[in-house]
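Input: one structure, supplied below.
Just so it is clear, A, B and C label the chains in written order, and each chain counts residues from 1 on its own.
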Amino acid sequence: MKIVVCVKQVPDSAAKMTVENGQVSWGEAPLVINPWDEYAVEAALVQKEAHGGDVIAVSLGGESAKEALKHALAMGCSEAVLISDPALAGADSQAVAKALAAAIRKIGDVDLVTFGRQAIDGDMGVTAAQTARILGWPALTLVSRISQLDSSSRTIQVERSVEDGRQVVQGKLPAVISVVKDFGEPRYPSFMGIRKASRANIPTWGLGDLGLAAPVSVVSWPKVENPPAREIKTEIIAGSSAQEIAEQLADKLLAEKVL
Amino acid sequence: MDFELTDEHRMVQHMVREFAQREVAPVIKEYDRKQEMAPFVLDRMAELGILGICLPVRYGGQGMDYIALGLACEELEAVDTTLRVVMSVHVGLNSLGLLQWGTEEQKQRLLAPQARGDKIACFGLTEPGAGSDVAALQSRAVRQGDIYVLNGEKMWISLASKAHHALVVARTDPDAPDPHDGLSAFLVELDTPGVTTGDIHGKLGVRAGSTGWIAFQDTPVPLENRIGEEGEGFKIAMSCLDNGRYTVAAGATGLIRACLEASLRYAKDRHAFGREIGKFQLIQQKIAYMVQSYDAARLLYLRAGWMKNRGLRNTRETSLAKWFATDASFEAASQAIQIHGAYGYSDEYDVERYLRNAKGAIIYEGTSEIHQLMQAAYALEYRRDAPLRCELPPYDAATWQ
Amino acid sequence: MSNKILVFIDQKNGKANQASWEALGAGLMLAGKLGGGVTALALGSGSQQVAAEALHYGADEALYCDDATLADYRAEPYASLVSSLARGAEAVLFPTTTAGREVAAMAAVDLDTGVMPDVTALEVEGGQIVATRPVYAGKLIAKTVCSAKPVMITTRIRAFAKPTADASRSGSPRAVAPAVSEADITTRVTGYTGSAGGVSLNDAAVIVSGGRGVSNNPKLSPPAGLDEKQAEIWRAQQGFRLVGDLASVLGGAVGASRAAVDAGYIPYEHQVGQTGKVVSPDLYIAAGISGAIQHQAGMRTSKVIVAINKDPEAPIFKMARFGVVGDLYEILPALTEALRKRLGK
């Protein structure tokens, strides 16, 4: 079984985000592996342990994204590859998916690709589906359980956490899955993994190595802002009866669009 | 000079932090109140390899260096002192003692299961009547053919009731002209007949830890479990303390950090007189002192760790680190409570536990007073460290892994 | 397709996900600004009925495909049909549901265009659609544009108004053929298991919490034979029933203050605050909670906070968007009723 897990480097979830001169900043906060991606690594490692084989971690980003890959290696991935190219700066989700798909093809003979449900920076949640579509492989997103994986019959069966419960879906391998929290807590890096990761020589693949022309990004964020500062002005709702108060409050809550 | 941690160090730090924060922090208050050790702690620390962190892979360990040990202790005590106490006794006072003084056969037979976490280890030096005055200890080991027969009682022993192995110092030669030379060290397997153990309750702090006593009544200890030569017991005990104190220093540094972080959070959250209390200068002063203590404590323990890595004798530097960090942690906890006001005085917040936990380390593994005497003696040149027959081996990645 | 906007109506067995109508509302708004009409598309069993409903909600045209390949939602065949119909459109709108997000993502690949998921506002500037998207967990707001067409947009649930249905707007939905056949589809839905389960505090968009105050109803007379403490807990349970009723109407979870947990009113798993869970729902309703700083630490980032408390000096009012000084035993049932009416539950 050859499994690829795609991981991203993002600012820590506790980071205070600000925008200065149009530039997004996370201050002194550390960059970490996208927390959802740790579940994807866990899912890949569990399958490797059950079926044998290798797990290759792939990330797209600058040099600092190697940290996310090292984390994946320390958790137990066998190899890691960084996709990095100046032409990918500001890449939109589809440009990223094209580069990931090209890397997956270059790795070759991949049976399964795992993703986290979304990255906590752009909060897009579309990369798994887009990568699958480009590869022409089934996309099984929001997987909470892999109930069956059979490399001889080349099938996978998963439970997907969807709005009205869990959908049981079968697909053919190779397949792309995205994993949700219910899959199970990701393991910590092991000391052996840490030793390996700290010495790993992580290759960098540019677009040339992937045989890819610079993908055109069509989606951009021309403006990023801090949300308007919310000054809490408490509005006391009063009325002659509980019903009157409740009616007023209900209208106001609907107007706040939180229901 | 290089003040930067390696990738390996940073990953160790992160991994131990995740364990302590995710698994222990949410339940620690409950066990502290119950005065019980969280039942999963030792198993998880073993499973994750933390109990063998800085021991060579060929002896069942994880092959990290002494700095990694210090960093792990800092992270553990930032959540609760009792986690670090496990490291102090299992790794610092016992396993590193075996690594330093044990024979190859003893390392394979006794150290490896400890490094793997299959056997939990503790350290038996202190007695009801002998604390700082080690040479006054009463326990007796009498050689009878291929065994020693051990009698006596050890007190204030962390993990006494949980451990499988104890490194015990007892008197083998009551007639030695210098009583220090009459002591020997033994690795006692605690399932041996004649061993009884128990816990001590009603402690001020480290309530989620296990502290107890071990009594030996005609306990046979095989000759092959004597560590070092007969008469080397005091030197071995002092070596063990160099290692144990290092973990205490690193841990207390974590405790200062916990006080600082709690105070920073609270100072920004809590409002008084129309602004957050962090804006008040007297609060700022307390925070500034905590920052100062934290940085100084950290530099002191990392220097000691660096010396251990290089195989340099570090008794003085470790003692200084331990004295400074433990005193500073108590002060930091006290000031953290002050910042928290009445809330800090209740167990709604963690800072009162920090204060209770900080006090113990000012007493054990050399009281602050003992460390002051040591530092003065070094400065006045009344004291010099003579080379030992067995030094703690310097860290060497190639042979460790 | 002649219309400029296509809207994907997420439906199952003839019942549309309500957020689909919000997406349709957003589509109608865009069409108003860009000119042209709106086509609604419903897929799967029961889709004809939903397509007809889309006409009531204001779609100019409604398409459906009730083919066996689309009976259960599957990303591949859904995306293929959406892409085949979307060519030439300005924008395709979806609700941000599981299906909406992933069909949008895949259709964007098919048409080599962009996707802007989970948008909270849409404008048209100089003929271009500008979407507002919260990023970094809502810590920043990005204005997003797409230079290719049709742009795939999913609308955040509850961010857009649902248009008013008008049964007199009639027309007949038109059937369309599936884009791919079963042989070309690599996945198969074999069933459903379990339910979505109770709403947990961590995931809840709405949390209704009770504090010490929930036991404070002297009007209730507890059953005979209870001692003072038992009577207090009995009263508290009646109070938490009201908290639970409101939570269930809102599809939310039940929280509690430490005081309520420590007093034995409700298990620890419900505790919000410093020593409990830290939550950040869209709506946090605190009933009978004074709002000690350690409780605030667990819920201060909630989008909208409502405080209901007898004590006008309770600190919770300082952080609340809306406050009601009054008896939760009267306010909660009235609020539950008022919201039940408005939400059609």
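Convention: a contact is a pair of C-beta atoms (placed from the backbone, for glycine too) under 8 Å apart; a residue touches a chain by one contact, two chains touch by 3 or more.
Please read these numbers as outputs of a predicted model, since none were measured by experiment.
Visitor: Name the chain whose C-alpha centroid is farthest from the C-alpha centroid of chain C.
Guide: B
Visitor: Relative to the centroid of every protein C-alpha atom displayed, which chain's own C-alpha centroid is closest?
Guide: If we average C-alpha coordinates per chain, A lands closest to the whole-structure average.
Visitor: What pair of chains has the most C-beta pairs in contact?
Guide: A-C
Visitor: Chain A to chain B: how many Å between their CA centres?
Guide: Averaging C-alpha atoms per chain gives centres 40 Å apart.
Visitor: Just the number, please: Cα centre separation of chain B and chain C in whole Å.
Guide: 52
Visitor: State, to the nearest whole Å, the distance from the C-alpha centre of chain A to the C-alpha centre of chain C.
Guide: 22
Visitor: Where does chain B touch two or more other chains at once, residue-wise?
Guide: none
Visitor: In their shared complex, at which residues does chain A touch chain C?
Guide: Touching chain C from chain A are residues 11, 13, 15-17, 19, 24, 92-94, 97, 120-127, 129-130, 132-134, 137-142, 157, 159-160, 162-172, 175, 218-227, 232-238, 241-243, 245-247, 249-254, 256-259.
Visitor: In their shared complex, at which residues does chain B touch chain A?
Guide: My answer: residues 6-8, 11-12, 14-15, 18-19, 48-49, 53, 62-64, 401.
Visitor: Spell out the part of chain B that touches chain C in their complex, as residue ranges.
Guide: 29, 269-270, 343, 348-349
Visitor: Which residues of chain C touch chain B in the complex?
Guide: Those in contact with chain B are residues 258, 274-275, 293-294, 296-297.
Visitor: Can you tell me which positions in chain C touch chain A when the two form their complex?
Guide: Per the stated touch rule, the residues are 12, 17, 72-76, 79, 97-99, 101-102, 104-106, 108-110, 112-118, 133-148, 158-159, 186-196, 205-206, 250, 282-283, 303-307, 317-327, 330-331, 333-335, 337-339, 341-343.
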